[in-house]
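So, here's a batch of structures to check.
Common to both upcoming complexes is chain A, partnered first by chain B, then by chain C.
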Partner chain A sequence: MNHAAPLAAGLALVALPLVLPDFWMFIGVEVLAFALYAVSFNLLLGYGGMLSFGHAAFFGAGGYAAALVAAQRSLPLPLMLVLVPAAAMLTAGAAAVLIGLFSVRRAGIYFAMLTFAFQMLLYTIALKATSLTGGDDGLTGLKLPGAIGRPVGYYYFALALTAAGLYVLHRLVHSPFGATLRALRANALRVQYLGVDVRAHRLAAFVASGAFSGLAGALFALSSGNVFPGWLNWTASATPVVMAVLGGTATFFGPALGAAVYVVLEVVISGHTEYWPLTMGVVITILVLLAPGGLTGLWKTGFGRARASRAVPLSTGEAR
Partner chain B sequence: MSEPVLTVESLVKRFGGLTALDGVDLTVEPGEFRAIIGPNGAGKSTFFNALTGLLPPDSGRIAFSGHDITGEAPHRVARRGIARTFQITSVFGDLTAVENVQVALIAHARRSWSAWQRARGLGAARAHELLDLVGLASSAARPAATLSHGDQKRLELAIALAGEPQLLLLDEPTAGMAAQERLESIQLVHRIAIELGLSCVFTEHDMAVVFAVATRITVLHQGRVLAEGSPAEVRARPEVQQVYLGEAA
Partner chain C sequence: MHNPVVVARQTLAGISNGMLLFLISAGLSLIFGVLRILNFAHGALFMLGALIAVSLAAVLPAAAGSFVVVLAGAAAGAALLGTVIETGLLRRIYRAPHEMQLLLTFALVLMLGDAAKLIWGRDEQSVAMPALLTGSAHALGVSFPLYRLFLIAAGAAVAVGLWLVLHRSRWGIFIRAATMDRDMLSALGVNTRTLFTSVFALGAALAGLGGALAAPIVAVGPGLHVQVLIDAFAVVVIGGLGSVSGAFLASLLVGLVNAFGVLAFPGLAVVLTFLCMAIVLIVRPRGLLGTVE
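Then we have the complex of A and B:
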């Protein structure tokens, strides 16, 4: 397996605060959070063949959970550092259990519609449960106390948790569970006739994906300093889809690359024009047309050469 | 006398007003190579789906090696030792041939929940043995989607065998093959079944294939058993000739 690229990227990320000003630490956290979000999302799309159109529910639930923990000023710092990710993952994971129990019974567009419907339910709760969520105004002024709340400190906190999350997800997709998931994407009925409880495996993948999306939401909430009901709105569910497809759903790190390109493009373009969504749309359209397998697909096959198999081989580790 | 591998009693399956299976009885003894024949729409595929829990029957009883499996979910039926293949070839197209078999071995070993261990190389030795058994050793590293139709059928057989079944259900194992390839293909299954001591039930349209390997034949017609017996007996029955053999000739 090729460890070089992720290792180099990791070292570069560790060194980043030495060369970039504080403003870029916020962008760095955004990249990390959305990279984790897109990779978690792709556990379902790229490996399990399930297109969730309600993932913003988990990202948002994690954000609110982290906000509520961070608001407990009396908590000792070490406890808070453990509780923030734990609460975010548990909340998002619990939401994923409830939503998944209903949604994984269906496949394809029906699965997408069910996740969409449940997300709108959670969006409404975020909007209406004012005493807990602040309603329309959201929760603001979120920050971890002390040095870890400052841009560079928080960047390292987010980097550590993102790395841990990606490591766990990487183990997951290369495990027997991950192999079963990939077979399931190709032919669920065949997998069932191998003696596998397909629905239970889909649910497990859905919950794992939801929990790590929640962690991503928590990381972003405590960096941006706020969380709003709009985070759970259906339009927000398109973000991980675009990032994953942009980076390439056939590779593990593709969606992370897609997230980085998306976030940085947004920052750069919105600094130059107020029409940044239009410009983003054009840029993404061109990228997707030029690289239908995503950016990593381009890298894997090169222009003009025959597309390689989408497979991430089981026998030889990750495709290079 | 040894216990039958499969006992089906008065199996009924209805779809709305249509009775697809109208009281089917079937007993398969160990080591049998049973062909189920009948015209299109006779209920052959429905019968397999009802046997394996994909379509729970409306009434009737199914026993596998003495255990009642009526209405059990497909994955539970599979774990009991019944493997099946499909009329439409069902392999995992973007996995390589050896990975296809590895996934089946992982499922059989109940390791599909293992989420931390590396899957790489897991069961690879056994997977290569199974590919060798079906004559696919040289194609192990090829994505299954790139294999020829016949080779995909062989791969399906290897996947089925990975579960160490006692009973193989093959739904039109030679569909889509050229005449010569059909005979070779069914003879491969036949040889392996004898070697491993498996019982086998298969549906088939090609009479040359049926008469080459079947120990007994069941004729389904409009959801009922029209006739059953040795190949010679079935061939001699006038109503069978009328309904099926005449039509096929």
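Then we have the complex of A and C:
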């Protein structure tokens, strides 16, 4: 693994507040949160070969958990800074345990549909549990107190947590557990014959992915200042899929790149037209039909052709 | 709840809503069974049918015959769009990974949703009921809107027609064979390319017809397709993917659960639908009458 590029990107991210105005701090946090979200999601798709179409449930659950903690104004700040990420990860992780127990029994498109179904259950609960979630109106006016709640302070808070999250996920991917996960994607049956508990591994990956998606949701909720039930709706579950595929599912940082491109595209395009969904639809169609390897795939094939070497094979539809 | 008049009224309301659900979920289920594609854009085809109905009703004279034209036009328009979608886009990704298939039909949701806003605007619209079907029927002390009774009749007619097509026509036999083993069907010399196109068009036509039938009783506006898809999805999962009879049974079940859920737990009826779905998925993952797997 080449460490130069992530290190350079990290240094650039630390220096960002020195050169950009406050408005871009909000965009910066959005990029960080969705990068963490997309990489967590890709732990399942890119490494485990599991397509979740219900990840918005975890992102949203983390957002709500963070919002409820942040509303406790009497908490001392240091405690709150610990409790916000902890509550988000625990809530999303617990949801992932419950959903995962039933979902990881199936593979392929059926796994996608199970996650989709349970997410809709959580969505309707978020919509109807008005006393806890504010119902349709969501929870608004969310902010951390003091300097950490200001754009630059919060940006560094989000940067630290995103970096920590990505570090843990990176370690996970390159551990024996990550190797088993990749083996599962390639040939689950054979891994099972080797005596590995396939379900337990899939469940563990699902819970880790869900917990970090919850952390991402928390980071975004306290930056945007609100959280709505729509965050858990099925249309929101396409976002991490789009980001991961846009960046390329075959690399660890590809989805993070996809998230950054997606967020910046959205800011730029919605500044010019209210038909952002239409534009995104066209982008996705082109992506799926012409560049299924995503941005990193394009770069690698271009690079590979020049050096007459083979591109990294992308995940196929087999053994799902 | 124990008032027999209320029970009768909610039963009829549940069945009529169930019939609308059946029209959209039958196509969704068939398309999954044959093409193995989960068509997120199916709700958009339903909405398109409703919007075509709005436009046709605006230009046609208010006669009973006009409503038949409106229904046929909506079904035909949706079938045409379905044919274009299948031949232009879906056909290219049958062998692609699942995430690519999901993303492509999701892209269609985004594009069709915005295209509908560009063409028909953002306001909620509605279609006037044909004069013949306004008013209520009275029997045994229960009064019930005529249009709802018409929906039940129309839904039942489509269900019977679909059953006859699937079980008594050559095309229907091919469709059922394809849900079991499409490679074998292809090896036996059936042209699966045109079969896939025709199945997608049939599913789209049913969704369009459902949209047109719903147009007089729902607010037709942006966002309709997102909600409709979830209901249809729940029905298809409960009934069993690929099974039209399962979709019929589950549509009635969901319609009735909603109609009585509103009485028993006001405001929580939607949760009940998904609770039903979760229970079915846990206890009987392939659905009530599902065969595909």
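In this text, the second predicted complex is superposed on the first by the 295 of 320 C-alpha atoms of A that agree within 3 Å, B and C clash if a C-alpha of one lies under 4 Å from a C-alpha of the other, contacts with A are read in each partner's own complex, and residues count from 1 in each chain.
Assume contacts are C-beta pairs under 8 Å (C-beta built on N, C-alpha and C of every residue); 3 or more make two chains touch, one makes a residue touch a chain.
Not measured: the values here are computed from a predicted model.
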Original post:
Now for A:Arg171: first (chain B), second (chain C), both, or neither, which partner does it touch?
Top reply: first
**OP:** Could you look at A:Thr180 and tell me whether it touches chain B, chain C, both or neither (first, second, both, neither)?
**Re:** first
**OP:** Kindly classify A:Arg190 by the partners it touches after superposition: chain B alone (first), chain C alone (second), both, or neither?
**Re:** first
**OP:** Using the touch definition from the top, say if A:Gly54 reaches chain B (first), chain C (second), both or neither.
**Re:** neither
**OP:** Could you say whether A:His201 touches chain B, chain C, both of them, or neither, answering first, second, both or neither?
**Re:** first
Subject >> Comparing the two partners chain B and chain C, which touches a greater set of residues in chain A >> reply: C
**OP:** Would you tell me the residues on chain A in contact with chain B in one complex that are also in contact with chain C in the other?
**Re:** 315-317
Subject >> For the chain C and chain A complex, residues of the former touching the latter >> reply: 36, 38, 89, 92-93, 95-100, 102-104, 106-111, 113-115, 117-118, 226, 229-230, 233-234, 237, 267-268, 270-271, 273-275, 277-278, 281-282, 285, 293
Original post:
In their shared complex, at which residues does chain B touch chain A?
Top reply: 52, 54, 73-76, 78-79, 83-84, 86, 90-96, 98-100, 102-104, 106-108, 110-122, 124, 141, 143, 145, 159, 162-163
Original post:
In the complex formed with chain B, which residues of chain A make contact?
Top reply: 171-172, 174-180, 182-183, 186-187, 189-198, 201, 204, 309-311, 313-317
Original post:
In their shared complex, at which residues does chain A touch chain C?
Top reply: 45, 51, 53, 102, 105-106, 108-110, 112-114, 116-118, 120-121, 124-125, 127-128, 233-235, 238, 241-242, 244-245, 249, 275, 277-278, 280-282, 284-285, 287-289, 292, 315-317, 320
